[in-house]
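Shared between the two complexes below is chain A, which pairs with chain B and chain C, respectively.
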Partner chain A sequence: MSDFWSRYRRNYAAVFGLAVVVLILIMALTASFLYPNDPFRLIGKPLSEPFTNGFLLGSDSLGRDVASGIVHGAKTSLLIGFVATIVSVFIGIFFGAFAGYFGGRVDDILMRVTEIFQTIPSFIFAILLVAIMKPSIVSIVIAIAVVSWPGVARLVRGEFLAIKNREFVQACHTLGMGDFRIMLREILPNCLSPIIVVGSLMIATAILIESGLAFLGLGDPNIMSWGFLIGAGRTMLRSAWWVCTFPGVAILITVLAINLIGEGLNDALNPRLKERQ
Partner chain B sequence: MKKALAMILMAGSYLLSGFAAHADKSGGTLSFLVQPEPPTLASYISTSGPIGLVMPKVYEGLFDYDNDGKMIPILAESYNMSADGKTVTFNLRKGVKWHDGKPFTSADVKFTVMEVLKKVHPRGPNSFREVTGIETPDANTAIFKLKKPAPYMMRSFAAYESPIVPKHLLEGTDIKSAPLANNPVGTGPFKFVEWKKGQYIRLDKNKDYWQKGLPYLDRIVGRFIPDASTRTAAMENGEVLYAAYNAIPNIDAVRLKDRKDIDVTTDGYSMINPMALIEFNTKEGPFVDPAIRRAISVAIDRRFMIDTIFFGYGKPATSALSSNFKATNLHADMPNYPEKGDKAAANAMLDKAGYKRDGDGVRLKGVLDLIPYGEDWRRAGEYLKQALGDIGIQLELRYEDVPTWLKRVYHRYDFQMNVNYFYQLPDPVLGVHRHYGTDQIRKGTHFVNSSRYSNPRLDALLDSGAGEPDAKKRTAAYKEIQQILADDMPVVNLFELEFLVVYNTKLKGAYGSAMGAYGSFREAYLDD
Partner chain C sequence: MTRSTKIFKYVGKRLLQGVPIILAIVIINFFLLNLAEGDAVDVLAGEAGSATPEYMAQLRQKFGLDQPLPIQLMVYLKNVLSLDLGYSFRHDMPVNELIFDRFAATGLLMTSTIILAVGFGVLLGLLAAMRLNTWKDAVITVFALITYATPLFWVGLMMIVVFSLKLGWFPTSGMTNVAAFYEGWDYVKDVSRHLVLPTITLSLFYLALYTRMMRASMLEQYGQDYVVTARAKGLTERRITYVHVLRNALLPVVTMAGVQVGALIGGSVIVESVFAWPGLGMLAFESLFARDLNLLLGIFLLSSMLVVAVNLIVDIIYCFLDPRIEVN
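Let's look at the complex of A and B:
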């Protein structure tokens, strides 16, 4: 572990990214203390500029506090990012592991299914799914998970293909170990590093997809999120720049920070890169 | 000295050019926005908005209406109503020709009303429901025979509402699929020339128009531009000169208004009369008790909604009828419609009705459906959720796509409260009765009585109000109707929407009709 941290620490950008994400996490967790009011609450003069009428980052067209929206929206964005990623990583591991381990007919079928999903443009597919299911936080998580698992599936399949013929796996076979046990206990732990790296990047993508959906008016209308703020403010971009700009910056910083972490994890977990410096 | 001379010269040339333009109004092309692209051009089958923007330039009605609601003779020169109100005689204009050269006669009027409007038009069956037959003693006289007096019928003769179509091109064909639909032949000031799908519709001047000297314009081009900011840009650089029905979003209209060459008006919608409202399910769910609906109406700050969401364009509702019905003495201000909202009073009403708050301050929970016509309506929903939360009504917002929403509200009645807007049209019989009458509980028909509100007393009043030829008695009937509705509140009216027309000040004479953008533009001209 200390070995891992010392390698991660060597990438300054990754450390910076981690610090930013921790900050945002703290912000999200303390949202109810920082801004105890419901972020949808109309608390002041509509379209106040930043630093006027008691609004740190201005207010939107109904007089809602943009700063409060960003702090509360952080919760939604991070939550959706994490949950959607976990769900899609599980689907991906399931498909990839079976395809890679068993090969042959199973591999063919599972990979064709994966390819069908990969050929549909992911964002448009997500829009379609949310529109069919009616916008809610659950349908958004499902949509994001459904469009982002194929990448994981292909990665896991590749790892399983590479590892399944290694001697230690063959040894397991000779010892009479069951297929599922080999997959779960022997092979999977050996391909966790790339999955973690890909997963961390997927969180960033998930946040972007959620924002995009909310921007197009397909967010959960009862939950504050960054995309919602931008979508609600985009029509007045030319007269009230602050409504869109600050949540946009929040998305930018978060996605950048998560990408930096992913990079750092890759450096720290990939043994082939160990001697890079 | 030089400067002064230059100024005098400039002023002089300015005066001259101004004079020249006034001397000759004719000529020029008017490009205007049609948003979205119309599905067909058959204005005798569909009342869809974009069709209304184009077709009244080609087809005409018997009358038009000016901004004060007075009738302007178009295809009819005058009319006579018998004392019992059951016979209306129209004297038709002589010498009018269809765009294909055939003469226009009373047979066209008879065919249009009896075979087209009464059968395939969405609102025609209602407007002309009392008409049992039309006699045509000669080519220029049409006598409408009515079962009962129908004063409201006289408000529905504009080209958008009741276009007169050529009998010789429709008779003997299946009217719903006749080729006339997309090759319209009318009597209007402009002839249809071409429709480039996805781009524009072109109309050229009718040189044989019955009124000599009109129209002034040589050509009208209706442009389709799907993206809102591109539409605004086209308005800003003078590519289009006229945009109605909020083709330019309010936020941009407010900004453009400050320019010298662009102006904004709310005129031209009084015959349309749009009203934003909340429909309630009065048969099941949390809002069955009228006391709750009254409290909701009292709690809402209508002024705030208008000012912040619609940029000041709108009028707070004060009754079930729009204040535009003041012109015909049918509107009366009612209680339970405070302009600014009174949450304390609303809370007191709910306390008195016995709805107690639980530990979280919640009296009851519900779901609010929102009309999926854009961002403004989402903002309205977000406001209502907050405002009604303050009086202990906790709402969840639901925003679906158009077909799902229509099915939910008008096919399955699977809703509790629904934000919507309705056209009240030029007479309550045409636009308001459909919300409240027991006979208007029509499962599967859109924009009728989805509340399933049914009150025999109200039905009787609606019936007598519809057919009452005596103006005083009609006023009294509608006053009682409004009192009943202010008490029972199956629908809470929010505010009268004011759609905008954004136009280039170069364009003049396009604003004389109460039909506004749904008018003929025959007197429009360009003042360069």
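Let's look at the complex of A and C:
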């Protein structure tokens, strides 16, 4: 573990990204403490510029606090990004592990399905899924997970293919271990590092998809999110640039920080790769 | 067998491979349609304001909605194969007509985006790789990192704020100046002026992607044995880079350009709705608000087919670019 950290620490950008994400996480967790009012509440003069009328980042056309929306929206973005990634990583591991381990017919069928999901334009598919299931946190998470798992499945399949014929796996077979136990307890732990790296990058993509959906009006109507703020603010672009600008900066910083962490994890978890370059 | 007949056979085989994928997408489409609350008759009844249950049952019979699901699926397949994608009750037009009306605008946007993104991506990646670990490389890498993390719609809105509202260089939305009725060259110029901001917005993300890929690809090629051979022969670095390394480094970028077409269509939904660009993406956005599911499904189906087609075309281009690739 300390070995891991000392390798991770060498990548300054990744450490910076981690610090930023921790800050955003703290902001999200203390949201109701920082801004006790419901972010949807109208609390002041509409279209106030930043630093006026008690608004740090201005207010929108209804007098809602942009800063409060950003702080509360952080919860939504991080939560959806994280949960959707977990779900899609699980689907991906399931497909990839079975395809890679059993090979043959199973592999053919599972990979055909994966291919189909990879061909479908993912963002339009996500839009369709949310529109059909009605926008809610659950439907958004499902939609993002459904469009993001194929990459993981391919990765896991490749890892399983490479590992399944190694000596230690053959030893497990001779010991009479069952297939599922070998897959779960022996092979899977050996391909966790690339899964973690890809997963961390997927959180960033999930946040981008979520904000895009919310921008198009497909966010959960009861929950504040960054994409919603921008979508709601675009009609006042001419008179109130700040309503759209700051939530976008929040998305940019968060996604950038998570990408930096992903690269740092890659360096730290695959040290040989780094040394080769 | 000569190479050209081999390629010909390969194309045929790839075409056949595309068929099950398209079939699967049609079936997914059908189930999504059934997953949605209410059917076309509910929509019609809602539009009419009032309808008796008897009338609705009669309508269901007329549309075949009272049949069991497998039969409905067969009918749906038959319809899709004859390019009948259903009827948009909002627009009072067949879905395929609506889609073909808007197709040209999206095609224009996507073509200009691909040219810009691939062109500049290759250029920047090349530059970064040639000036490895200098300030130029650092600037390009940071630029790619940031654009890679920026939501498209936000870039679009910021472009409008800066270049349309503050500077007044480009129009904020649309494809033509509605009031002007330009013809000939003036029309072309008008459309190009409207095209600039949407194209830049849509291409930024892919530009970042291609830049990163081109840089990595160039660096990988520099480490290959043939570069050592070329140096040993006494070739200049310029010649090695432009004649030998560049060509090989381009291959993965070309593949990626094909793979990304699906994502590009998704991106165009966002960019078109930001700039009110009258293409398929804008149509999808409108149909979302009108709850026009038939139309949305039609767009989804068509864009999936487009991806299959583009992947096929890229594979074929690939065969010509790289003679080493086996076509059997």
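Before moving on, here are some points about what is shown:
As a convention for this text, the second predicted complex is superposed on the first by the 272 of 277 C-alpha atoms of A that agree within 3 Å, B and C clash if a C-alpha of one lies under 4 Å from a C-alpha of the other, contacts with A are read in each partner's own complex, and residues count from 1 in each chain.
Just so we're on the same page, contacts are C-beta pairs under 8 Å (C-beta built on N, C-alpha and C of every residue); 3 or more make two chains touch, one makes a residue touch a chain.
All figures in this text were calculated on a predicted structure; none of them were measured in a lab.
Of the two partner chains placed around the shared chain by superposition, chain C is the only one that A:P121 touches, whereas chain B remains out of contact.
Residue contacts after overlaying the shared chain place A:R10 against neither chain B nor chain C. Applying the stated contact rule after C-alpha superposition, one finds that A:A131 touches each of chain B and chain C. Considering which of chain B and chain C touches more of chain A, the answer is C.
With both structures placed on the common chain, the touch criterion links A:R238 to chain B and to chain C. Judged by the touch definition given at the top, the superposed model places A:G217 against both chain B and chain C.
Looking at the shared chain after the overlay, A:R41 reaches chain B, while chain C stays out of its contact range.
Contacts of A:L208 after superposition on the shared chain: chain C is touched, whereas chain B is not.
Chain A residues 131, 134, 217, 231, 238 lie at the interface with chain B in one structure and with chain C in the other.
Interface residues of chain B, counted against chain A in their complex, comprise 228, 249, 251-252, 255, 308-309, 370, 375, 378-379, 381-383, 385-386, 396-401, 404.
Listed in rising order, the residues of chain C touching chain A in the complex are 20-21, 24-25, 28, 32, 35-37, 145-146, 148-154, 157-158, 160-161, 165, 219, 262-263, 265-267, 269-270, 273-274, 284-285, 288-289, 291, 293, 296-297, 299-300, 303-304, 307-308, 311.
By the touch criterion given at the top, residues 112, 115-116, 119-129, 131-134, 204, 208, 211-212, 215-218, 227, 230-231, 234, 237-238, 241, 244-245, 247-248, 251-252, 255-256, 259-260, 277 of chain A touch chain C in their complex. Contact residues on chain A toward chain B in their complex (touch as defined above): 38, 40-42, 46, 61-63, 131, 134-135, 217, 221-222, 231-232, 235-236, 238-239.
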